[in-house]
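One chain, subunit A, links the two complexes that follow: it is found with subunit B in the first and with subunit C in the second.
This part shows the complex of A and B:
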C-alpha cells in the first residue's frame, strides 16, 4: 500500500499554521482576560468584582461551539462582522479566559495569609505587597493548571472546523475525502501532530516552572 | 494590698516622661468570642515587656493589634501619643484610620511571627532588603550593606543568598528578626517566636534576641512561653489570662512572689 505522506504534509502544515495562529492569539486574549477577571474578582471595588464574576460565570458556562457560532453567525446580524480568524480568537479567548480567571483567583487566594501579614508588618504599600510578595508566589502556583488549560485550548481550536476555517483538523478531513482508505493513517497523523504541539506547550511550561520556582 | 491591676504601679525600666505605647480600655471580639476584655497597659521607649499567660488568653491578639493586623473592637492604642487606629478628618472629627495613616504609624512598629513568614521566593538577603528599598527608598547598594550587616549580627553572614527553603527553622527565624530590625522600628512585637521551632533550635533564636535586647533603643513586646527567657530579658512582665491583665511587675515580682492564684497556678505548671 502506497501511502503518499509527502503529498499530505504541505496541507497538514498549512493547517497546523492556522491552528497555531489561532492558539497564540486566543491564548494572548485568554490570559489577559484570566488575569483581569481573576484579580477583578478579588478587587475591593464591588462593581469590578461583580463584572468579573459575571464574565467568568457566563463564559465558563457557555459551550465553546455555540459561542463560536454566535460570534461568527449572530454578531454580523447585530452589525459586527469579524473575519473567521478573529471570530475564532474571540470565542476561544473568551471561553478559555473564564476558566483561567478561576485559576488566577484561586492561586492568589492560595498564598498563605502569613505572607500578607509579613508584608504589612514590613509596611509595604498595598501595591508592593501584591506585586513583590503575592504575585510571584501565585504565579508559580498558576503555571501547572495554566499549562493544562493551554493544551485544552490548543485542542479546542479544532472546533473552528465548523466555521469552515482551514485549520489542521479541516485539512485532515479534506485529505480523508480524497484518500478514504487511508483514513486511519490520516487521523493517526492528525493525533500525532496535536500531540507534538501540546508536548511543546507542556515542555515550555515545565521549563518556566523550573526557572521561576527555583526557590522551592 | 491585693490589687489586681494598677497601671502605673510599676516603675518603668528607665524613668521616662511618656510611654511609647499605651493601650487604653482595649477590647477585641471575634464574632461571639471576646478575646480581649479591656486592657490598659503601657510600654516605654526601649523597654522589654514580656507578656505571658495561658494559650488563648489573647496575648497574640495584643501584639497583632499593635502591628495593625487586627483592629480593636473598642479602646485606644497610642504610639508616641498619637492614636494608631483613629485619625482626625478634615473637620477634626475622629474617624477610622485609613491606609495612609496606618502606613505612617507602622514605621514605628515591627513584628516577628511564630511561623517566620519569610518570603519564600526571595533569598535571605532580599527578604531583608525588600522593605528598605521599596518603602524607605534606601539605595540598593546601601540596602544590601545594611541587610548583610544585620544578617551578620544574627549569625547568618554565610547564608545571604540562600532561599528560606534551604534554611533551618532557627535560621529562618533569625532572618525574620533581621528583617524586622533593619527597619529600626521603635518597638518590635515578638509573637511566640520559638513556639514553632524544634527544641534544639530554640536556644539560638533566644540568644539572638537577648543580644539585640541589650541595645536600649528598641522596645520589645515579647509574647512568650519561655519563662526563663522572659525572666532574663524582660524589664517588666505582664501576666494575662482570659483577655485581662491579671498581674504585672518586675520579673522578680512575677516569678518569685506571684500574688494571684491564677499566676501561681500558671507558673506551677512550668516547674
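This part shows the complex of A and C:
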C-alpha cells in the first residue's frame, strides 16, 4: 500500500502552525492571568483577594470545551464578536490561567518563613523582599507544575477543532476524508506530531529548570 | 437577549442529558482507577522491559490530546481490528485509558511512600506476590489518595464534552442540537456552562469534605 505522507505534510504543517500560534497566545494570556490571580489571592486587600478567588474557582470548575462554545457561539449574541483565533485564545487562556493561579499561589506560600523573617531582619522594603527574595525561589518551584500545565494547554488546543479552526486535528480530519483508507496512519501520525511537540515543551522546561535551579 | 420562558422549556431537556454525561464520567473513572492500579503494579515489575514499556506508554498517552486518542479509537480501531465499539464504550475506554496514566502516577507515589518494613514483613510472612499487593500494599496505599482520585473524577467529568466528537450524545451535543432547532445560542450554552460549573463545584465540595475526614483519621 502506497502511503502519500509527502502530500500530507504541507497540510499538517499549516495545522501545526495554527496550533502553535494558539498555544503561544493562549500561553501569554494564561501566564499573565495566573501571575495576577495567584498573587492577587495573597493580596492584603480583601476585594483583590475576593476577585482572584472567584476567578480561579469559577474557571477551574468550568469545562474548557463548553467555555469555548460559549465564547464562540453565545458571546456574539451578548455583543462581543471575536474571531475564531481570539475565541480560542480567550477560552484556553482563561481556563489554563485559573489552574496556573493555584500553582503561583502555592509556590509563593511554599517559600520558607525564615526567608521572610530574614528579609525583615535585613530591613528590606516589602517590594524588594518580594522581587529579590521570595519570587526567585517561588519561580523555581513553579517550573515543574507550569511545565505540565503547558503540555495540558498544548493538548487542549486540539479542542479548537470543534469551532472549525484549521488546527492540526482539523487538518488531519480533512486528510482523513480524502484518504479514507489510510485513517489509522493519519491518526497515528497526528498522535506522533503531538507527542513530539509536547516533548519539546517538557524538554525546554527541564533545561530552564536546570539553569535556574543551579544556585540551589 | 435572555428569555425565561425559553429557559423553562429548555432546562428539562438539557437535564435529561446530564445522566449520560455523569454515566460516561463515572464509568471512565472506574476504568481509570482499575487500569491505573495495574499500571502502577506493572511499573514496579521485576522485568526491565515491562517497566520501560509502561513508562513509555504512560508518557505517550499523557503527551497527546484526549480528542485525538478518541478519534483514533473510534475511527481507526475498527479498520485495524475486527472489533467495532459503540460511541459510549469508546468514550469510556478513551477517558479511562487517558486518566489511568495520570492516576498511575498518583498511585505510584503513594505506593513508594509506604514504609519499606511493610514489604519486608510481607516477605517474612511468606505471602505470595498477589497477597502482598492486595492484602498489604493496596489497602494502605489507596485510602490516602482518595481525595486526589476525587479531583480526577471532576477532571474527567469536565472532559466528557469531548465525547460529542465521536457522536456520543451528552450534554454538549444535546445543547448543540437544541441551538440548531431554536436558533438561539445564548441561553443553551449559558445553561450548559452553568450546569458544568454547579456539578463541578458540588463534587469538589464533596471531595474537600472527604479530605477533611481523612485528615482527621490519620492524625487520630
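Criterion: the second predicted complex is superposed on the first by the 216 of 216 C-alpha atoms of A that agree within 3 Å, B and C clash if a C-alpha of one lies under 4 Å from a C-alpha of the other, contacts with A are read in each partner's own complex, and residues count from 1 in each chain.
By definition in this document, contacts are C-beta pairs under 8 Å (C-beta built on N, C-alpha and C of every residue); 3 or more make two chains touch, one makes a residue touch a chain.
Given the structure is predicted, the values throughout are model-derived calculations rather than measurements.
Placing subunit B and subunit C on a common subunit A by superposition gives a fit, with no clash between them. Taking the C-alpha centre of subunit A as the apex, the lines running to the C-alpha centres of subunit B and subunit C meet at 100 degrees, rounded to a multiple of 10.
More residues of subunit A are touched by C (comparison of subunit B with subunit C). Of the two partner chains placed by the overlay, only subunit B lies in contact with A:114; subunit C stays clear of it.
In the superposed pair of complexes, A:62 makes contact with subunit C only, with no contact to subunit B. Legend: residue contacts after superposition of the two complexes on their common chain; A:205 is shown touching neither subunit B nor subunit C. Applying the stated contact rule after C-alpha superposition, one finds that A:136 touches subunit B and leaves subunit C untouched.
In the superposition on chain A, A:122 makes contact with subunit B only, while subunit C stays out of contact range. Contacts of A:90 after superposition on the shared chain: neither subunit B nor subunit C is touched.
The overlay of the two complexes leaves subunit B and subunit C separated by a minimum Cα distance of 21 Å. On subunit B, the positions that touch subunit A within their shared complex are 67-69, 99, 103, 106-107, 109-111, 113, 115, 117-123, 130-131, 134-135, 163-165, 176, 179-180, 183.
Only residues 112, 114-115, 117-126, 128, 132-133, 136-137, 140, 214-216 of subunit A touch subunit B when the two sit together in their complex.
Per the touch definition, subunit C reaches subunit A in the complex via residues 1, 60, 62-69, 71-72, 75-76, 79-80, 157-162, 164-165, 172, 175-176, 179, 185-186, 189-190, 192-193, 196-197, 200-201, 204. If you check the complex, the residues on subunit A that touch subunit C are 57-58, 60-67, 69-70, 73-74, 76-78, 151, 155-159, 161-162, 169, 172-173, 176, 181, 183-184, 187-188, 190-191, 194-195, 198-199, 202.
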